[in-house]
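The following pair of complexes shares a single chain, chain A, combined with chain B in the former and chain C in the latter.
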Partner chain A sequence: MRFLTLAALGALAFGGQAYAQSEATLDLVGPISEYKLFVAEQVDQLVADTTAFVEAVKAGDVERAKALFAPTRINYEEIEPIAELFSDLDVAIDSRADDYEKAEQDPEFPGFHRIEYGLWEKNSTEGLDPVADKLLADVTDLQGRIEGLTFPPEVVVGGAAVLMEEVAATKISGEEDRYSHTDLWDFRGNFDGSRKIVELVRPLVDDEAFLATVDKNFATVDEILEKYRDGAGYVTYDNLTEEDRVVLAGAVNTLAEDLSTLRGKLGLD
Partner chain B sequence: MATPKPLSRRTTALALAGAGLLAAAGLGAFWFAARTNPPEVVEGEIAVTVTDTVCEPAELTVPAGRTTFRIHNASDRPLEWEILDGVMVVAERENIAPGLNSTLAERLKPGVYDITCGLLSNPRGKLTVLATAESEAAKAAPELRYFIGPLSEYRVYLSRRASELVAATATLSEKIAAGDLEGARAAWAAARQPWRQMAPVSARIGDLANSMDPLADYLAEREEDPAFTGFHRIEYGLWGQNSTEGLAPVAEKLAADAAALKDRLKTLDVAPADLAGNAADLASRVADQATGSQAPYSHLDLAEFSADLDGISKSALLVDPLVREADPAASEALVQALDAARATLDGFKVEGAMPAYDQVDEAGRQRLSEAFAAVAAAAAAYNPAIGLE
Partner chain C sequence: MPALLTTRRRLLAGAAALAATPAFAATGQHNVTDAPVADTTSAADLVSPYGRHQAGITTPRPANGMVAAFHVLASDPSALERLFRRLTERIVLLTHGGPLPETDPKLPPPDSGILGPVVQPDALTVTVGLGASLFEDRTWLAPHRPRVLSRMTRFHNDALDADICHGDLVIQFCANTQDTAVHALRDIVKNIPDQLVLKWAQAGNVPVIPARPDAAPESARNLLGFRDGSANPDSEDAALMERVVWIGPGNAEPDWAADGTYMAVRIIRNLVERWDRTPLGEQERIFGRTKMSGAPLDRAEGTEAMVPDYAADPEGEAVPLDSHIRLANPRTPGSEESLMLRRPFNYVNGVLKNGQLDQGLLFIAFQSDLEKAFVAVQRRLDREPLEEYIKPVGGGYFFVLPGFAAGEDFLGSSLIAALSPTSQTSSQSIPGRPVTD
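Here is the complex of A and B:
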């Protein structure tokens, strides 16, 4: 504590002006409120899409359920910084088999990925009815909780980096949608979610060089994702060439690293 | 309270922001190294190792303020490490690959938190954040950043109410154009709800309020006054004259004003002190209004007061998390006063419906007035509790 205080005073002596702008201001009220309205729209869409997805699963329509899986998830991926705040729901909706002692065989394994496992690995909807019902109940619960949540500004601004870090750290290996290989859809959701946050706070970021670098890397990711576009969505992840995977990983890593300074730039560390 | 103290508070905030920046710079420097090197203890950091079954140590104690955790994943699966307050994630680091480290820096408030330790079935650890002299002092004067969330939430609330008002006034206009008296009455009552819910800021939009909501009592020629427009002009027609005649242009203007209001609210600046301050002011106004009538032709006053109470609660309670920390008694007093006012309103119901206000006797009106006065008094204690006055 004492060290930090002295260090800060030293920093002030060098240039109070420079630090004054890194104190969070009420200018963030506009972007944060816009972000909540955006998230609310996304979660409304998630509930609508999940309703259709669950219907397909319960009707035993494997092909239709498979077709709806990725487009349904994309809205969840886009709002992950907020959705993940509710740990119980995040586990229920989006946990991986890795989180359970008996992995896929664990009776506790729930949510999107449990259904994904059934649809792709077993090519069946057998036994998925209760999982599907629970998923719809959980996303509906999420919608209500988001409505009641006062969005913490540091979570929103930090979310831009969190979304990219997630992709950078392990998703790039294709671990998330390991049965369906629809990872590129999730990337698109994560990526759009991150870019949305940057767009909203852009007017408050007083660092043109930083924004130019971020924009360049966003453009790189965008370009690669679009190479693999297939209709309204994307081809499976195994189609990604090694070269593109390396370029994508590089851009995503740099974005994660650069965007991790965004909170600090807006005085929210 | 006028001059020297706010200055020193600001300096402290600057100093802390500067400290945060330095810490962040340091953090960035070893970020890459952290991802590849084996665990090492870095000064000023709290090290946690997560094995296949537990966190080591399983119990951590840190002072309030910014703490950097260094998490090492010694298990063989990707790791998510979270600090939880109940089910809410306070901070987290996701996807830490097996064998790797990651750091998480966060400002923490005093309290006892859970920490996750790998598999969902593994026992959780405990993080105790101890109050410091600084964190205690900060409660009585939270930094500006702690008002960003509440003010953003209030802007969302106003934006939603404005959208409802635009839709409801459009419906009202349609019903009137169709000459549907009953439909128009229902639409009028529906449109009043969002309008009154945003009453805490209506004083801030004076010109629109003057064309949307003037009462005949305040106009020279009363109901015959050309400035008698908006909601109450329509109410006068629908209830006072049992007719939709001549109301179409008034309803169209009201709908146009509602659209203008929605635009205006997008940029309306609400200050931290306004959240509880506007709520207290409105509660005080309602306490005065309750003895007279705000809806003199329809007598739907109780529905109006109910919507006022919604708006008062929303606005003031946005700063309640801060007040609760600084002055729990003040928080409790407002929550109780709001509950009591709600109970008083509900107490008027006959078979689940609010009666017309002309059916409420003098004593009932007095009770209601006192309930709102109590809300006003309790809300007025909020700003002083958090250094805003």
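Here is the complex of A and C:
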């Protein structure tokens, strides 16, 4: 074997440069209370939209229910880091068929995606009344619980990355809204929710290069999503070209990596 | 410890003083497909990433391997150069190992930590190749495509699954332990998320055999129970490798491609339950070799190293005319043109929906001309009796970049130089590449 050379072990630091210790005391009070207002607005909208959605389902109006499905969910997707704090409700509202042993046939399968399955796969609202009632009750319950919640700063700031993890894990593959293929709406919700958090804490982030990269990747996402805009919303996910899907995936993975350091940059544990 | 094993270990250990020691002196032919021998490897084994050729091709095959294919995000030459430079940095770091830095507990650790506080070299090699789609999808790169680099097309017995086929860029990881390969993949995924989007990956391994003093090396077995690689060309024969594996002046390739090679990757499912229910004699006739020793059937009492004499067996009474080894390498005048260097791993993926085992061969072969070697051989194998027991489901064709030198050079520097002949970085780095025998 040729070219055997002894390594200068450790000559290159593994994992790049060691990170500087970040400051632990930063004033997050302002951004957090502003975020709480934002979440309250979103959840109010969610309750209002879900009410109309549930009415359509219970009236047996499949076309109207289909039209309301994606715009109703978008407010949930925007505030997912907070909604997820109540894991019982998150499961009830937004779990997918894979979370159940018998998938779509499982009587336990609830929430938005159970209704989505009925509307798109069966083209029917049959048997969905109790599911719809429960969804509205759960969304209303969420509204009440968020009202009484003290927002943990690390959850709020960490939420920017959590939303990108959501996209990377279940949206890029198109498996979130697998019956309706309205995934691009959910993308929009997740990105807007993440960007909101970044905007609120931006003045506290002392790293221009970091912010520039994050901004650039959000802009990339905007550019791609804009190509698929259809009226107030988006075309179905199957319209996304492989090339655009890859560009989106690259931006999402990079945002997930970068934003995973946001908590630490603000000195939060 | 027998001389052979000691030599191999020292070779892998990378002690500079030993670089001049004749490798495997007087021990006969050694193939990259030799089964790894227990207790001859160590975490300190270092395979240099530097050289005229990339490591992980003619270097000994360790027990574990993985192939990962990626989409590439690079819309202009400078973005591609940036990707190559970043990959080079990761490869140099990963193959040499080293201690992890102190981490601020408030931040995600920069390393996965799965190898502990000090990353050991563990014989890791990281080998990078480019797929046809990388060139086709970029007008500025298309004119530089290697001459016979193409998108893998379906052969007679293939049932290709688009989710595990092709890729803009491929990385082969090989190491003593699977953890080291996994660590390297995770490092690259984490550090280059904006330019590499993972498409598929397949891990594999080959069985490590117990040390047997003074025994000849033997080819590792595949999951059909046969020795795989008996007729592989000798990877220690530099002149032979120049002919069989490395791109040279005779290959009519673009200048930048010199010292690279073509890589064929095939994920070949083995229908093991059915195979295990097939009579031994039939299994051996399908391959043309005895199952236990690997000897060709015309000298069944011999060894796997023996060469079958087809001239003396024109009717295929000993080695059937449609046996795997006879079709793949008929040993007729001219058939040496289709020689390639195979360096496969076995894979075990769990259970399929039908309740059968999802196992097979992560076939990897290197050659200086993809069409004359892998493609020609596979065409000869179309409709072979073995097809009843195997099903190729994935893989792709790639062009493995030339190697790179320590210092300012980087992987793919010759391609980048070809893209921008006036580029200062590139024109500096090319003469810096070592020229050896």
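Just so we're on the same page, the second predicted complex is superposed on the first by the 245 of 269 C-alpha atoms of A that agree within 3 Å, B and C clash if a C-alpha of one lies under 4 Å from a C-alpha of the other, contacts with A are read in each partner's own complex, and residues count from 1 in each chain.
The rule we apply is simple: contacts are C-beta pairs under 8 Å (C-beta built on N, C-alpha and C of every residue); 3 or more make two chains touch, one makes a residue touch a chain.
Note that this is a predicted model, so its numbers are computed, not measured.
Chemist: Counting residues of chain A touched by each partner, does chain B or chain C come out ahead?
Modeler: Answer, by number of touched residues of chain A: B.
Chemist: In the overlaid three-chain picture, which partner chain does A:254 touch, first (chain B) or second (chain C), both, or neither?
Modeler: A:254: touches chain C, not chain B.
Chemist: Given the touch rule stated above, what does A:246 touch, chain B (first), chain C (second), both, or neither?
Modeler: second
Chemist: Is A:269 in contact with chain B, with chain C, with both, or with neither (first, second, both, neither)?
Modeler: Touch partners of A:269: chain B and chain C.
Chemist: With the two structures laid over each other on chain A, which partner does A:108 touch: chain B (first), chain C (second), both, or neither?
Modeler: First partner only.
Chemist: Once the two structures are superposed, pull the chain A residues common to the chain B and chain C interfaces.
Modeler: Comparing the two interfaces on chain A, one with chain B and one with chain C, the shared residues are 1, 3-5, 7-9, 11-12, 16, 19-20, 22, 24, 257, 260-261, 264, 267-269.
Chemist: So in the complex, which bits of chain A are touching chain B?
Modeler: Contacts found on chain A: 1, 3-5, 7-9, 11-12, 16, 19-20, 22-26, 28-30, 32-33, 36-37, 84-91, 95-96, 98-101, 108, 150-154, 162, 165-166, 169-171, 175, 257, 260-261, 264, 267-269.
Chemist: What part of chain B is in contact with chain A in the complex they form?
Modeler: Against chain A, chain B makes touches at 13-24, 28, 31, 44, 63, 65-66, 77-78, 80, 82, 84, 87-89, 92, 94-97, 105, 107, 116, 119-121, 132, 134, 143-145, 147-153, 155-156, 159, 269-272, 318, 321.
Chemist: In the complex of these two chains, what residues of chain C are touching chain A?
Modeler: Answer in residue numbers: 11, 14-16, 18-19, 23, 46-48, 50-52, 59-60, 71, 73, 89, 92-93, 96-111, 119, 121, 137, 190-191, 193-197, 403, 406, 434, 436-437.
Chemist: Within their complex, state which residues of chain A touch chain C.
Modeler: The touching residues are 1-22, 24, 217, 243, 246-247, 249-251, 253-254, 256-257, 260-261, 263-265, 267-269.
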